[in-house]
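Comments concern the structure below.
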């Protein structure tokens, strides 16, 4: 294998090959279709049951039905709940025009048309967030111990027998996913159920998901399916449906876990345009080199010249 | 964890009468977020890491001064800075290990050599840098009775090449920590990636110079003073750029705790540099200005660290620049 | 409607999403915007307790615009049947039907009978009511004397035909009325009507889903009747993609109704004998008409087989199969009545078998005070629940009403085995039995209920072995010889053997029965539950059938076993047209195969297999043989689906909108405010909030409702102890609209307390746009919603929401009205200790609440004595003029 | 492990000699990762069950393994064969393992004496025997042979029972049968609630 720019940034066809697996299974991932998420949180529980995670505290957060708050070392799935006005629908069905004439008298009702009580422009979005298993994973790149590694499935996994809790990955992740567990000292995040994959099982969350909002499979297939789903939704007038993390040309080379969203990513607590820090590694090292050279030059130069003794 | 969640939610609740306005929570301007919550995780590092940034820089600058002092025959400056380099390295090592969640596994750092990880690069750099610093310092303090043994003699002979070797690596040690911070998703650090190496190199030089001024007699401390002055000026100039040239992220440097720390840093560094120029041959003045420079360097590191932490707490530092980029159709 | 399926039945909801993906339109009509609403194509909020007004509006829309599926309606329903001349509708009696007795608050249903149908045996209607008649006729339908001799008018024009009666009855349920009563705009209402009526006819169907958002009302059965009428008018019953689907809330709550642990039923919906039944013949005659059609006519076979299973050899023809061994009921022995009897000192021992009424039943305080006044209490559960520890953690400890040192109730806590530690069957919500294998042994003293009951029975029999008391004979003669596994004094009884005997055995051969059609009344068969006969057909436990779905068609007959006879769609004869052909190719399920001379299809045909579509029975024929070829409703006494119920529903032959027991609104349709037949208990310990025309209702100005969350399970015994569930919903909260929050000064996440005349309950405030004030008849109505899963123990705790509710029951089902009440809400926490009692007393004083409040159920301007007169009373919609009005609520899940 | 093995297992060595030059994949895998397998692979058996929460009736597979402490449930998850649930579970169903294995479950019979303020332990046979005596006593105290008109009732109002909606059909059957034979009529369950 040769090391090339693609290993650090941009589209990368064969992530597992790039990680040194000469023979490997297809890259797998999650497609989370939030348009069918019912917010039941089965994913959160199934994940904890399988991975034997500790609870995350018992605090009422007052954020709709979300009492998990965010992904953490102990919560590898997080369902977001967003209550908001619904966008207007161009394809809204004609109303009075095709109404059946009841032959009944109609009249204005007291209070009719004041807006509030007849409001229908409201919606409740739900979305199950998870580690993105980036093509270029900030956490993996910065890990100094090799605890974080790319598996043969193209996923990104922390090896708990290796991690020494340096915490670098926490700041390396542009999605704010991975975190260090306080009483344990190590970093934890979704493994896409690495142990299950090896046995041909699907990850616990995807298996439990009642409405198939979380779909697991070969990434290429999921991307195809997702594009079709968006087209279907657009046809039905849900024009705000869009994919997030699906594009191999994005700042992380595309996510192994991507989403169909119904609003801007930041509304769900996701960064609008994340970039793997490694993109700029070359220029950072170059600048550091210049600074080091200047530092060295200064250090040498201070010994020359007349001393004010 | 639970306490911080509670606090976050309380904040969110205060922003609105109804939580339903999740998408409209914004403290300034028109950005949207999830209940005003952070997007990124705060760095898990505490004071140990900025302290390490300081001690690492100090060690590197000392190593440089020590090598120079060795070659220019300034024995007391050499001794002080060789010990300073080792002390700084020792402190660095301690701080790095103590900051680990599983300190007993520190040696796992040596499992891999990852060019993509500044911490891995730094680890191997320190591995290369450390023996030279150690040998030179030990040679300096070897009791006279041991100097006569073959080991003592060997050390004596190795001291200079060891010192020079470490000096050769020291610029890397002084500047790599900038990459260590910048090579993260933390907006205040990442956005500062072009400038941070110079701030850190300057800060290291100022600290090393200040250390030399404190520990070495005035007549040997001239290079230290010069190094301190150049370092301090570099630090002051580049540090100001962080306040001004990083777009919205500069706000993280200009406000709050980061701002207070860095303001004090600026006062101390500027004052220390000025004093070193004006102090003349006063040892006391030299010591005071050296201490000021050391403190200024340390506060700079803490200030930059704080700015990074703050830039992960408030979602605007993440959302606003990225949203702008997307809206303009720019490539990331 | 009345269901929050996505939240309460998430895995079942996958099929709704599947249908939606294939183009189905999903409408959610429910007071609250829930997770179900979020996924529906449209959510229509309405005021809690106003569903019949809405549904009545839909019925009126269908009938006024001739949108019914006429061919289906004419052939398969009783639309064409003529009702006797004595019948008088609510139109003419200001909201009452003929036959009402204001003294007893009950109906004599004799005036509701079909013309030419022999009048029903003079039923003592009060008794009828108390025995929860609807449940009695659960699978069989109520009796009729005649099946074949009913006068009809196939043109549906006769003024006394059911179709015309229906039309008149619902004519005042106009879109305007729906808007004023329910708070649903005309536009939204008509959109629902259009969508619903378009899913009708040969090519299309609609399914209607409800849960306890419908049942937990003082007229819950009538809610369901109203939904069923629409589905029948649109031809959506007995057809694929159609139906009225009850989503039940517990793993085997369907099973515990089929094989009832209910006071008024014996297995298979046979009624418990009444004090009036001198012998078995009396009993059988009282539950089926001599000439009625269908399988319920064979009730004698079912009861004899049950008695043979109960008393085995001891039950013989000579001793009437020991029918006399059955205890008799003579009134209401329901759980709420029983609890009041506990308080009154009439009950001495109480078994709680996997149930936590201290938290989970309405009026929790009543429950706990009842438990505190027993000789002994047995609690069997997985974990320590509030009902076992009321003596040390009930809220009444704090108020001084219960003191451990003065509470004499002896409490036995027996740890229970979990679902993986025992084997047996659950019956799920679609009547399907599924067998669970035992995965491992329980630990310590953990035992199954099977073990517990079996050995308790064994020990009781041993203790009485020498008794000569005649009252002990039923116990001593009991067939208690189930197979056991293991040695020693306490071997494990075999659930498999119990299931075999539920299925039934031919006593002459010892063979397991294949179907309930093999049951006889001559004592040669024994079967514990006739509708379950066939689960062990051919000696195979079909509940254990587990052929993968990928290895069979989508009807999946090889998975589990559904009663009766493994049918998946009840009354599926209706999926074919009167001539026996599928209504359409895409909606085919069961059809007549003329060549083979039998019914066939994807499902097991729910019809006599070889009765051809054109078959006409002889006049006077009875039983299954009396079913005509186009009588799909084979358990009904006339073979037809009932748009109009001539008997069996004790609070009216047609659904009628009445206001809930506690309501801020006057009834805009009739002078009759609430259901005239609802069951009220005027007691000091069961006060009601006032409702029009009583004054003082403005003290409790908001409409209250409670329901489940996905993350918890009912009273919390199976969820509040689990960290993974508790962390997801860690605290009790109350949802209010931003408008109500502003009005009452409530802040998100702050504490508030909700008050009724029974209790005050603390909760954290969740301000949300999902709660929406409704405009009703010119005024704004606010609603308050709470989940009800919390109690004093568990990983997360909170006040008991059910304490807020009082006890008022649906007279058909004896189910409490817990989906709607009125309340007040105030910022801050409630008073504690004795101050709380003072606080509540003050509220009651201000509202003028007395023992009598809410107990005067008749408010119609005419009385039953006017029954014969056809008055032209109009709807006194303008009566009340409350200054504040209120709103609503949700509904949902839990039975 | 010899020195050469040790060196060969050193990821840096693997980096230098293998295809994973950057040390981000194959070379960095730990022994544990190379040997990982799902814990369900250790199960002695998998038994078919049904979720105990709501009435949808989702199928569950129960994985049972054993260790020094005896048999234990390793995992409970959906059975994909089911035409009802297709292997899916809601949060409660997904928490079933915690439900049956959690430390909240009581293992001993507990008894609270009249006027008592604490629980005390009781052995199971004794408790059952005591209970049987109390059942007979309550039955006797609440016994009614006839109603006011002299019609036979043959029942007791002294004993009531509530529960059954989460119990098996077989259990409900025996409950109803035994209580009916005892003459108890106030037998109820959640279906009324």
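Chains: A, B, C and D, in written order; residue numbering restarts at 1 for each.
To be clear about the criterion, contacts are C-beta pairs under 8 Å (C-beta built on N, C-alpha and C of every residue); 3 or more make two chains touch, one makes a residue touch a chain.
Predicted, not measured: the structure shown is a model, and the values here were computed from it.
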### Query
In terms of C-beta pairs in contact, which of B-D and A-B ranks higher?
A-B
### Message
Need the central chain here, defined by C-alpha centroid distance to the all-chain C-alpha centroid.
### Response
D
### Task
Report, in whole Å, the distance between the mean C-alpha point of subunit B and the mean C-alpha point of subunit D.
56
### Task
Would you kindly tell me how far, in whole Å, the mean C-alpha position of subunit C lies from that of subunit B?
71
#### Entry: Euclidean distance of C-alpha centroids - subunit A vs subunit B, Å
32
### Task
Determine the centre-to-centre distance between subunit A and subunit D, using the mean Cα coordinates as centres, and give it in whole Å.
35
#### Entry: For subunit D, residues that touch 2 or more chains besides their own
11, 22-24, 27-28, 76, 80, 88-95, 98
### Message
If I count partner chains per residue in subunit B, which residues reach a count of at least 2?
### Response
9, 13, 19-20, 111-112, 114, 116, 120
### Message
Which positions in subunit A are in touch with at least two other chains?
### Response
40-42, 44-45, 49, 56-60, 62, 64, 83, 141, 146-147, 162, 210, 212
## Note on the structure
As the complex stands, subunit D meets subunit A at residues 11, 18-33, 36-41, 75-78, 80, 87-95, 97-98
### subunit D-touching residues of subunit B, taken from the complex the two chains share
110-116, 120
### Message
Using the touch definition from the top, list the residues of subunit D that touch subunit C in their complex.
### Response
45, 47-59, 62, 64, 71-73, 76, 80-86, 88-96, 98-100, 102, 104-117, 119, 122, 124-125, 127-138, 141-143, 145, 147, 149, 151-178, 180-193
### Query
Once bound in the complex, which stretches of subunit D touch subunit B?
10-12, 15, 22-24, 27-28
### Query
Contact residues on subunit A for subunit B in the complex?
8, 56-64, 69-70, 72, 74, 80-84, 138, 141-147, 162-168, 170-182, 184-187, 250-251, 263-264, 266-275, 277-281, 283-285, 287-296, 298-303, 307-309
